[in-house]
Amino acid sequence: MSAHVVPTVRIQAEDFDIAAEVARLSKGRADVGAVVTFSGLCRDEQGALAALELEHYPGMAQAEISRIAAEATARWPLTGLTAIHRFGKIRPGENIVLVVTASSHRQAAFEAANFLMDYLKSRVPFWKKEHRSDGSEGGWVEAKDADDAAARRWSKD
Amino acid sequence: MTKLVYFAWVRERIGKTEEEIVLPAEVATVSDLLDWLKARGDGYEAALQYPKAIRVAINQEHVDHREKIAGAREIALFPPMTGG
Amino acid sequence: MSAHVVPTVRIQAEDFDIAAEVARLSKGRADVGAVVTFSGLCRDEQGALAALELEHYPGMAQAEISRIAAEATARWPLTGLTAIHRFGKIRPGENIVLVVTASSHRQAAFEAANFLMDYLKSRVPFWKKEHRSDGSEGGWVEAKDADDAAARRWSKD
Amino acid sequence: MTKLVYFAWVRERIGKTEEEIVLPAEVATVSDLLDWLKARGDGYEAALQYPKAIRVAINQEHVDHREKIAGAREIALFPPMTGG
(Lines give C-alpha, C1' and ligand atoms only; values in the text may rest on other atoms or scores of the structure.)
Protein backbone atom coordinates (compact mmCIF):
# COMPACT_ATOMS: atom_id res chain seq x y z
CA MET A 1 0.00 0.00 0.00
CA SER A 2 2.86 2.40 0.73
CA ALA A 3 4.69 3.41 -2.45
CA HIS A 4 8.49 3.58 -2.20
CA VAL A 5 8.67 3.65 1.58
CA VAL A 6 11.90 2.29 2.99
CA PRO A 7 11.53 1.85 6.75
CA THR A 8 14.39 2.96 8.98
CA VAL A 9 15.29 0.35 11.61
CA ARG A 10 18.02 0.91 14.18
CA ILE A 11 19.23 -1.23 17.09
CA GLN A 12 21.47 0.92 19.26
CA ALA A 13 22.81 1.50 22.77
CA GLU A 14 22.44 5.30 22.57
CA ASP A 15 19.29 7.25 23.32
CA PHE A 16 17.19 8.61 20.44
CA ASP A 17 15.85 12.09 19.65
CA ILE A 18 12.08 12.03 19.03
CA ALA A 19 12.00 15.49 17.43
CA ALA A 20 14.78 14.60 14.98
CA GLU A 21 13.03 11.37 14.00
CA VAL A 22 9.69 13.12 13.46
CA ALA A 23 11.44 15.81 11.38
CA ARG A 24 13.10 13.16 9.22
CA LEU A 25 9.66 11.84 8.19
CA SER A 26 7.92 15.19 7.75
CA LYS A 27 10.42 17.97 7.02
CA GLY A 28 10.48 19.42 3.54
CA ARG A 29 7.50 17.44 2.31
CA ALA A 30 3.86 18.40 2.22
CA ASP A 31 2.13 15.07 1.62
CA VAL A 32 2.30 14.01 5.28
CA GLY A 33 -0.87 14.78 7.21
CA ALA A 34 -0.27 12.76 10.35
CA VAL A 35 2.73 11.62 12.38
CA VAL A 36 2.33 9.28 15.35
CA THR A 37 5.16 8.48 17.75
CA PHE A 38 5.25 5.85 20.44
CA SER A 39 8.02 5.98 23.05
CA GLY A 40 8.40 3.14 25.52
CA LEU A 41 10.22 4.06 28.72
CA CYS A 42 11.70 2.13 31.62
CA ARG A 43 9.48 2.32 34.72
CA ASP A 44 10.89 2.06 38.23
CA GLU A 45 8.27 -0.36 39.60
CA GLN A 46 7.61 1.73 42.73
CA GLY A 47 11.30 2.29 43.35
CA ALA A 48 12.26 -1.40 43.38
CA LEU A 49 14.08 -1.26 40.04
CA ALA A 50 17.61 0.14 39.62
CA ALA A 51 17.92 -0.65 35.90
CA LEU A 52 16.93 -3.01 33.12
CA GLU A 53 19.59 -4.88 31.17
CA LEU A 54 18.38 -5.45 27.62
CA GLU A 55 19.94 -8.42 25.86
CA HIS A 56 19.30 -8.94 22.15
CA TYR A 57 20.11 -11.20 19.20
CA PRO A 58 21.89 -8.66 17.00
CA GLY A 59 21.37 -9.80 13.41
CA MET A 60 17.92 -11.23 14.03
CA ALA A 61 16.62 -8.22 16.00
CA GLN A 62 17.36 -5.98 13.02
CA ALA A 63 15.95 -8.53 10.54
CA GLU A 64 12.78 -9.19 12.54
CA ILE A 65 11.93 -5.50 13.07
CA SER A 66 12.55 -4.95 9.36
CA ARG A 67 10.13 -7.77 8.50
CA ILE A 68 7.45 -6.28 10.79
CA ALA A 69 8.08 -2.81 9.36
CA ALA A 70 7.71 -4.13 5.81
CA GLU A 71 4.43 -5.79 6.81
CA ALA A 72 3.20 -2.46 8.23
CA THR A 73 4.04 -0.56 5.04
CA ALA A 74 2.21 -3.26 3.06
CA ARG A 75 -0.92 -3.03 5.22
CA TRP A 76 -1.24 0.75 5.68
CA PRO A 77 -0.66 3.67 3.29
CA LEU A 78 2.36 5.10 5.09
CA THR A 79 4.70 7.82 3.83
CA GLY A 80 7.39 6.87 6.34
CA LEU A 81 8.21 4.53 9.22
CA THR A 82 11.02 4.47 11.77
CA ALA A 83 11.64 1.94 14.55
CA ILE A 84 14.51 2.23 17.04
CA HIS A 85 15.17 -0.25 19.86
CA ARG A 86 17.87 0.28 22.46
CA PHE A 87 19.94 -2.43 24.16
CA GLY A 88 22.23 -2.48 27.19
CA LYS A 89 21.59 -0.99 30.61
CA ILE A 90 18.59 1.34 30.80
CA ARG A 91 17.55 3.18 33.96
CA PRO A 92 14.04 4.15 35.10
CA GLY A 93 12.78 7.16 33.18
CA GLU A 94 14.99 6.44 30.17
CA ASN A 95 13.79 5.54 26.68
CA ILE A 96 13.71 1.93 25.47
CA VAL A 97 11.92 1.97 22.13
CA LEU A 98 10.61 4.46 19.57
CA VAL A 99 8.21 3.93 16.69
CA VAL A 100 7.32 6.75 14.30
CA THR A 101 4.72 6.38 11.55
CA ALA A 102 3.76 9.03 9.00
CA SER A 103 0.82 9.00 6.62
CA SER A 104 -1.67 11.21 4.83
CA HIS A 105 -4.32 9.65 7.04
CA ARG A 106 -4.43 9.75 10.81
CA GLN A 107 -5.99 6.33 11.32
CA ALA A 108 -3.28 4.63 9.22
CA ALA A 109 -0.56 6.29 11.30
CA PHE A 110 -2.23 5.27 14.58
CA GLU A 111 -2.92 1.68 13.55
CA ALA A 112 0.52 1.06 12.06
CA ALA A 113 2.26 2.36 15.21
CA ASN A 114 0.02 0.23 17.43
CA PHE A 115 0.64 -2.84 15.24
CA LEU A 116 4.41 -2.32 15.31
CA MET A 117 4.47 -2.06 19.09
CA ASP A 118 2.42 -5.22 19.56
CA TYR A 119 4.80 -7.18 17.34
CA LEU A 120 7.92 -5.62 18.84
CA LYS A 121 6.76 -6.89 22.25
CA SER A 122 6.19 -10.47 21.22
CA ARG A 123 8.36 -11.26 18.18
CA VAL A 124 11.57 -9.26 18.32
CA PRO A 125 14.46 -11.04 20.09
CA PHE A 126 15.04 -8.81 23.11
CA TRP A 127 15.02 -9.90 26.73
CA LYS A 128 14.89 -7.74 29.83
CA LYS A 129 16.73 -8.57 33.04
CA GLU A 130 16.02 -6.61 36.20
CA HIS A 131 18.64 -5.13 38.49
CA ARG A 132 17.00 -4.23 41.81
CA SER A 133 17.58 -1.16 43.91
CA ASP A 134 18.60 -3.35 46.87
CA GLY A 135 21.52 -4.71 44.83
CA SER A 136 19.99 -8.11 44.12
CA GLU A 137 19.43 -9.54 40.69
CA GLY A 138 15.74 -9.36 39.96
CA GLY A 139 15.81 -12.04 37.29
CA TRP A 140 14.41 -12.09 33.78
CA VAL A 141 11.17 -10.28 33.05
CA GLU A 142 8.51 -12.80 32.11
CA ALA A 143 6.63 -12.50 28.84
CA LYS A 144 2.96 -11.66 29.24
CA ASP A 145 0.21 -13.68 27.62
CA ALA A 146 -1.51 -10.33 27.08
CA ASP A 147 1.32 -9.29 24.75
CA ASP A 148 0.90 -12.40 22.63
CA ALA A 149 -2.83 -11.82 22.51
CA ALA A 150 -2.26 -8.20 21.49
CA ALA A 151 -0.12 -9.31 18.56
CA ARG A 152 -2.64 -11.98 17.52
CA ARG A 153 -5.44 -9.43 17.11
CA TRP A 154 -3.73 -8.21 13.90
CA SER A 155 -3.74 -11.68 12.38
CA LYS A 156 -5.64 -11.89 9.12
CA ASP A 157 -6.42 -15.64 9.32
CA MET B 1 28.68 -28.23 11.82
CA THR B 2 25.77 -26.22 13.05
CA LYS B 3 26.11 -23.08 15.14
CA LEU B 4 23.85 -23.01 18.19
CA VAL B 5 23.30 -19.67 19.95
CA TYR B 6 21.62 -19.09 23.29
CA PHE B 7 20.05 -16.03 24.90
CA ALA B 8 18.79 -14.80 28.28
CA TRP B 9 18.13 -17.54 30.84
CA VAL B 10 18.71 -20.29 28.27
CA ARG B 11 22.23 -18.90 27.84
CA GLU B 12 22.76 -18.55 31.60
CA ARG B 13 21.63 -22.10 32.39
CA ILE B 14 23.59 -23.75 29.57
CA GLY B 15 26.55 -21.62 30.55
CA LYS B 16 27.64 -20.51 27.08
CA THR B 17 26.58 -17.99 24.46
CA GLU B 18 27.19 -20.25 21.47
CA GLU B 19 28.77 -23.48 20.26
CA GLU B 20 29.43 -25.37 17.04
CA ILE B 21 27.98 -28.88 17.06
CA VAL B 22 27.82 -31.79 14.66
CA LEU B 23 24.26 -33.00 14.93
CA PRO B 24 23.52 -36.73 14.49
CA ALA B 25 21.43 -37.63 11.47
CA GLU B 26 18.46 -38.72 13.60
CA VAL B 27 18.00 -35.14 14.90
CA ALA B 28 15.63 -34.03 12.16
CA THR B 29 13.36 -31.39 13.71
CA VAL B 30 13.59 -28.60 16.26
CA SER B 31 11.76 -30.82 18.70
CA ASP B 32 14.33 -33.61 18.20
CA LEU B 33 17.11 -31.08 18.78
CA LEU B 34 15.65 -29.92 22.09
CA ASP B 35 15.33 -33.53 23.32
CA TRP B 36 18.85 -34.39 22.19
CA LEU B 37 20.43 -31.28 23.79
CA LYS B 38 18.61 -31.88 27.07
CA ALA B 39 20.58 -35.11 27.53
CA ARG B 40 23.96 -33.34 27.17
CA GLY B 41 24.34 -32.27 30.80
CA ASP B 42 22.81 -30.59 33.83
CA GLY B 43 22.95 -27.08 32.34
CA TYR B 44 21.09 -28.20 29.22
CA GLU B 45 18.63 -30.14 31.35
CA ALA B 46 17.96 -27.03 33.47
CA ALA B 47 17.56 -24.78 30.42
CA LEU B 48 15.35 -27.11 28.40
CA GLN B 49 13.28 -28.90 31.02
CA TYR B 50 10.08 -27.30 29.66
CA PRO B 51 10.61 -27.47 25.89
CA LYS B 52 7.34 -25.65 25.21
CA ALA B 53 8.78 -22.54 26.87
CA ILE B 54 11.66 -22.43 24.38
CA ARG B 55 11.44 -20.26 21.26
CA VAL B 56 13.60 -21.21 18.30
CA ALA B 57 14.95 -19.34 15.28
CA ILE B 58 16.69 -20.95 12.31
CA ASN B 59 18.95 -18.66 10.29
CA GLN B 60 17.47 -15.72 12.24
CA GLU B 61 13.81 -16.46 11.49
CA HIS B 62 11.21 -17.72 13.96
CA VAL B 63 10.22 -21.38 13.46
CA ASP B 64 7.96 -23.74 15.35
CA HIS B 65 9.10 -26.98 16.95
CA ARG B 66 8.00 -29.16 14.03
CA GLU B 67 10.38 -27.35 11.65
CA LYS B 68 13.05 -29.49 9.95
CA ILE B 69 16.59 -28.38 10.71
CA ALA B 70 18.39 -29.79 7.67
CA GLY B 71 20.56 -27.06 6.14
CA ALA B 72 20.39 -24.78 9.18
CA ARG B 73 23.59 -22.73 9.58
CA GLU B 74 22.53 -21.07 12.84
CA ILE B 75 19.92 -22.22 15.33
CA ALA B 76 19.02 -19.95 18.26
CA LEU B 77 17.26 -21.05 21.44
CA PHE B 78 15.75 -18.46 23.76
CA PRO B 79 12.85 -17.72 26.15
CA PRO B 80 9.71 -15.83 25.10
CA MET B 81 10.73 -12.30 24.11
CA THR B 82 10.22 -9.26 26.30
CA GLY B 83 11.26 -6.33 24.13
CA GLY B 84 9.34 -3.19 23.37
CA MET C 1 -9.24 6.58 36.20
CA SER C 2 -6.27 8.99 36.10
CA ALA C 3 -5.36 10.25 39.56
CA HIS C 4 -4.49 13.96 39.80
CA VAL C 5 -3.89 14.50 36.11
CA VAL C 6 -4.46 18.07 34.98
CA PRO C 7 -4.48 18.16 31.18
CA THR C 8 -2.59 20.96 29.45
CA VAL C 9 -4.65 22.62 26.70
CA ARG C 10 -3.28 25.42 24.55
CA ILE C 11 -4.76 27.32 21.62
CA GLN C 12 -1.99 29.31 19.97
CA ALA C 13 -0.73 30.85 16.74
CA GLU C 14 2.88 29.72 17.28
CA ASP C 15 4.30 26.34 16.36
CA PHE C 16 4.89 23.74 19.07
CA ASP C 17 7.92 21.66 20.05
CA ILE C 18 7.11 17.94 20.19
CA ALA C 19 10.25 17.02 22.13
CA ALA C 20 9.59 19.65 24.79
CA GLU C 21 5.98 18.49 25.21
CA VAL C 22 7.02 14.83 25.50
CA ALA C 23 9.71 15.79 28.05
CA ARG C 24 7.15 17.72 30.10
CA LEU C 25 5.10 14.51 30.56
CA SER C 26 8.00 12.11 31.13
CA LYS C 27 11.08 13.90 32.44
CA GLY C 28 12.08 13.33 36.05
CA ARG C 29 9.47 10.69 36.69
CA ALA C 30 9.72 6.94 36.39
CA ASP C 31 6.07 5.85 36.44
CA VAL C 32 5.52 6.61 32.74
CA GLY C 33 5.92 3.56 30.52
CA ALA C 34 4.45 4.88 27.28
CA VAL C 35 4.14 8.23 25.55
CA VAL C 36 2.14 8.61 22.33
CA THR C 37 2.19 11.77 20.23
CA PHE C 38 -0.03 12.65 17.30
CA SER C 39 0.94 15.59 15.09
CA GLY C 40 -1.45 16.77 12.40
CA LEU C 41 0.19 18.68 9.56
CA CYS C 42 -1.05 20.81 6.67
CA ARG C 43 -0.88 18.92 3.37
CA ASP C 44 -0.44 20.71 0.03
CA GLU C 45 -3.12 18.75 -1.87
CA GLN C 46 -0.78 18.00 -4.81
CA GLY C 47 0.54 21.56 -4.92
CA ALA C 48 -2.90 23.22 -5.21
CA LEU C 49 -2.85 24.61 -1.69
CA ALA C 50 -0.88 27.72 -0.68
CA ALA C 51 -2.06 27.84 2.93
CA LEU C 52 -4.89 27.06 5.31
CA GLU C 53 -6.47 29.82 7.37
CA LEU C 54 -7.70 28.40 10.67
CA GLU C 55 -10.53 30.34 12.28
CA HIS C 56 -11.63 29.42 15.79
CA TYR C 57 -14.06 30.38 18.56
CA PRO C 58 -11.54 31.41 21.23
CA GLY C 59 -13.20 30.74 24.59
CA MET C 60 -15.14 27.73 23.42
CA ALA C 61 -12.20 26.07 21.63
CA GLN C 62 -10.27 26.05 24.89
CA ALA C 63 -13.32 24.92 26.89
CA GLU C 64 -14.28 22.16 24.47
CA ILE C 65 -10.79 20.66 24.22
CA SER C 66 -10.60 20.78 28.03
CA ARG C 67 -13.90 18.89 28.27
CA ILE C 68 -12.66 16.21 25.85
CA ALA C 69 -9.33 16.00 27.69
CA ALA C 70 -11.13 15.54 31.01
CA GLU C 71 -13.22 12.78 29.45
CA ALA C 72 -10.02 11.05 28.24
CA THR C 73 -8.42 11.18 31.70
CA ALA C 74 -11.63 9.73 33.14
CA ARG C 75 -11.71 6.85 30.65
CA TRP C 76 -8.03 5.83 30.55
CA PRO C 77 -5.37 5.57 33.28
CA LEU C 78 -3.18 8.42 32.03
CA THR C 79 -0.26 10.03 33.84
CA GLY C 80 -0.40 13.09 31.60
CA LEU C 81 -2.17 14.64 28.62
CA THR C 82 -1.39 17.66 26.43
CA ALA C 83 -3.39 19.05 23.51
CA ILE C 84 -2.27 22.03 21.43
CA HIS C 85 -4.21 23.45 18.48
CA ARG C 86 -2.87 26.25 16.30
CA PHE C 87 -4.90 28.96 14.58
CA GLY C 88 -4.16 31.53 11.86
CA LYS C 89 -2.39 30.95 8.56
CA ILE C 90 -0.65 27.59 8.26
CA ARG C 91 1.35 26.52 5.21
CA PRO C 92 1.80 23.02 3.77
CA GLY C 93 4.26 21.00 5.80
CA GLU C 94 3.57 23.01 8.97
CA ASN C 95 2.04 21.66 12.17
CA ILE C 96 -1.66 22.18 12.99
CA VAL C 97 -2.36 20.09 16.06
CA LEU C 98 -0.50 18.07 18.69
CA VAL C 99 -1.82 15.54 21.17
CA VAL C 100 0.48 13.86 23.71
CA THR C 101 -0.71 11.12 26.07
CA ALA C 102 1.38 9.41 28.74
CA SER C 103 0.51 6.31 30.72
CA SER C 104 1.99 3.27 32.41
CA HIS C 105 0.26 1.21 29.74
CA ARG C 106 0.80 1.47 26.01
CA GLN C 107 -2.76 0.67 24.98
CA ALA C 108 -4.18 3.44 27.19
CA ALA C 109 -1.80 5.97 25.65
CA PHE C 110 -2.70 4.88 22.10
CA GLU C 111 -6.45 4.82 22.66
CA ALA C 112 -6.61 8.13 24.50
CA ALA C 113 -4.64 9.90 21.73
CA ASN C 114 -6.84 8.37 19.05
CA PHE C 115 -10.00 9.34 20.97
CA LEU C 116 -8.79 12.93 21.42
CA MET C 117 -8.05 13.33 17.72
CA ASP C 118 -11.46 11.97 16.70
CA TYR C 119 -13.21 14.46 18.97
CA LEU C 120 -10.93 17.35 18.03
CA LYS C 121 -11.95 16.82 14.40
CA SER C 122 -15.66 16.86 14.96
CA ARG C 123 -16.42 18.83 18.14
CA VAL C 124 -13.86 21.58 18.61
CA PRO C 125 -14.84 24.94 17.03
CA PHE C 126 -12.15 25.35 14.36
CA TRP C 127 -12.78 25.91 10.64
CA LYS C 128 -10.30 25.66 7.80
CA LYS C 129 -10.37 27.94 4.77
CA GLU C 130 -8.18 27.19 1.77
CA HIS C 131 -5.96 29.68 -0.01
CA ARG C 132 -4.98 28.24 -3.37
CA SER C 133 -1.60 28.39 -5.07
CA ASP C 134 -3.19 30.10 -8.09
CA GLY C 135 -4.23 33.02 -5.87
CA SER C 136 -7.91 32.14 -5.71
CA GLU C 137 -9.85 31.52 -2.54
CA GLY C 138 -10.45 27.81 -2.27
CA GLY C 139 -13.37 28.15 0.09
CA TRP C 140 -14.14 26.45 3.38
CA VAL C 141 -13.06 22.86 3.91
CA GLU C 142 -16.15 20.68 4.25
CA ALA C 143 -16.59 18.45 7.26
CA LYS C 144 -16.41 14.75 6.53
CA ASP C 145 -19.10 12.31 7.59
CA ALA C 146 -16.22 9.92 8.25
CA ASP C 147 -14.97 12.23 11.02
CA ASP C 148 -18.35 12.23 12.72
CA ALA C 149 -18.49 8.46 12.45
CA ALA C 150 -14.96 8.20 13.90
CA ALA C 151 -16.04 10.22 16.94
CA ARG C 152 -19.23 8.19 17.40
CA ARG C 153 -17.31 4.89 17.72
CA TRP C 154 -16.21 6.03 21.21
CA SER C 155 -19.78 6.55 22.35
CA LYS C 156 -20.76 4.38 25.29
CA ASP C 157 -24.51 4.39 24.59
CA MET D 1 -30.03 41.39 25.06
CA THR D 2 -28.42 38.25 23.72
CA LYS D 3 -25.04 38.20 22.05
CA LEU D 4 -24.99 36.28 18.77
CA VAL D 5 -21.63 35.25 17.31
CA TYR D 6 -20.95 33.82 13.86
CA PHE D 7 -18.06 31.84 12.43
CA ALA D 8 -16.66 30.71 9.06
CA TRP D 9 -19.14 30.87 6.17
CA VAL D 10 -22.02 31.72 8.48
CA ARG D 11 -20.06 34.84 9.48
CA GLU D 12 -19.15 35.65 5.87
CA ARG D 13 -22.72 35.35 4.58
CA ILE D 14 -24.31 37.29 7.43
CA GLY D 15 -21.54 39.85 7.06
CA LYS D 16 -20.73 40.36 10.71
CA THR D 17 -18.80 38.56 13.43
CA GLU D 18 -21.27 39.30 16.23
CA GLU D 19 -24.27 41.38 17.26
CA GLU D 20 -26.41 42.07 20.32
CA ILE D 21 -30.09 41.37 19.74
CA VAL D 22 -33.28 41.57 21.79
CA LEU D 23 -35.10 38.36 20.96
CA PRO D 24 -38.91 38.35 20.89
CA ALA D 25 -40.57 36.17 23.51
CA GLU D 26 -41.90 33.69 20.94
CA VAL D 27 -38.33 32.69 19.98
CA ALA D 28 -38.06 29.87 22.51
CA THR D 29 -35.70 27.30 20.99
CA VAL D 30 -32.61 27.22 18.80
CA SER D 31 -34.80 26.10 15.93
CA ASP D 32 -37.10 29.11 16.45
CA LEU D 33 -34.05 31.39 16.49
CA LEU D 34 -32.76 30.07 13.15
CA ASP D 35 -36.18 30.59 11.52
CA TRP D 36 -36.52 34.07 12.98
CA LEU D 37 -33.00 35.16 11.92
CA LYS D 38 -33.50 33.83 8.40
CA ALA D 39 -36.20 36.46 7.83
CA ARG D 40 -33.90 39.34 8.80
CA GLY D 41 -32.33 39.86 5.37
CA ASP D 42 -30.57 38.33 2.38
CA GLY D 43 -27.32 37.62 4.23
CA TYR D 44 -29.14 35.72 6.97
CA GLU D 45 -31.22 33.91 4.37
CA ALA D 46 -28.04 32.84 2.52
CA ALA D 47 -26.34 31.72 5.73
CA LEU D 48 -29.28 29.82 7.19
CA GLN D 49 -31.07 28.41 4.17
CA TYR D 50 -30.26 24.85 5.29
CA PRO D 51 -30.83 25.02 9.05
CA LYS D 52 -29.75 21.40 9.53
CA ALA D 53 -26.23 22.35 8.41
CA ILE D 54 -25.91 24.89 11.22
CA ARG D 55 -24.24 23.94 14.49
CA VAL D 56 -25.14 25.93 17.58
CA ALA D 57 -23.45 26.57 20.93
CA ILE D 58 -25.08 28.31 23.91
CA ASN D 59 -22.68 29.84 26.42
CA GLN D 60 -19.84 28.01 24.62
CA GLU D 61 -21.34 24.54 24.83
CA HIS D 62 -22.74 22.49 21.96
CA VAL D 63 -26.55 22.18 21.94
CA ASP D 64 -29.04 20.65 19.54
CA HIS D 65 -31.77 22.57 17.76
CA ARG D 66 -34.48 21.65 20.28
CA GLU D 67 -32.58 23.38 23.10
CA LYS D 68 -34.38 26.24 24.87
CA ILE D 69 -32.55 29.53 24.67
CA ALA D 70 -33.98 31.26 27.75
CA GLY D 71 -31.14 32.70 29.81
CA ALA D 72 -28.52 32.38 27.05
CA ARG D 73 -25.87 35.10 27.26
CA GLU D 74 -24.04 34.07 24.08
CA ILE D 75 -25.33 32.00 21.18
CA ALA D 76 -22.92 30.95 18.44
CA LEU D 77 -23.89 29.77 14.95
CA PHE D 78 -21.35 28.02 12.74
CA PRO D 79 -20.87 25.29 10.13
CA PRO D 80 -19.75 21.75 10.99
CA MET D 81 -16.25 21.94 12.46
CA THR D 82 -13.09 21.05 10.56
CA GLY D 83 -10.33 21.29 13.15
CA GLY D 84 -7.70 18.71 13.98
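Just so it is clear, A, B, C and D label the chains in written order, and each chain counts residues from 1 on its own.
In this section, a residue touches a chain if its C-beta (ideal position, glycine included) is under 8 Å from a C-beta of that chain, and two chains touch if they have at least 3 such contacts.
Computed from a predicted structure; not experimentally measured.
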Any chain that touches subunit C and subunit A: none
Separation of subunit B from subunit D, taking each centre as the mean of its C-alpha atoms, in whole Å: 72
Length of the line joining the C-alpha centres of subunit A and subunit B, rounded to whole Å: 26
Interchain centroid distance [CA atoms averaged], subunit B/subunit C, Å: 48
Where subunit B touches two or more other chains, by residue: 84
Touching two or more other chains - residues of subunit C: 40, 106, 117
Pairs of chains found to touch, sorted by chain label: A-B, A-C, C-D
Sites on subunit D touched by subunit C in the complex: 5, 7-9, 57, 60-62, 76, 78-84
In the complex, subunit C residues that touch subunit D: 40, 54-57, 59-61, 63-64, 85, 96-97, 117, 120-129, 140-143, 147
Subunit C - residues contacting subunit A, complex: 17-19, 22, 26-44, 92-93, 104, 106-107, 109-110, 113-114, 117, 150
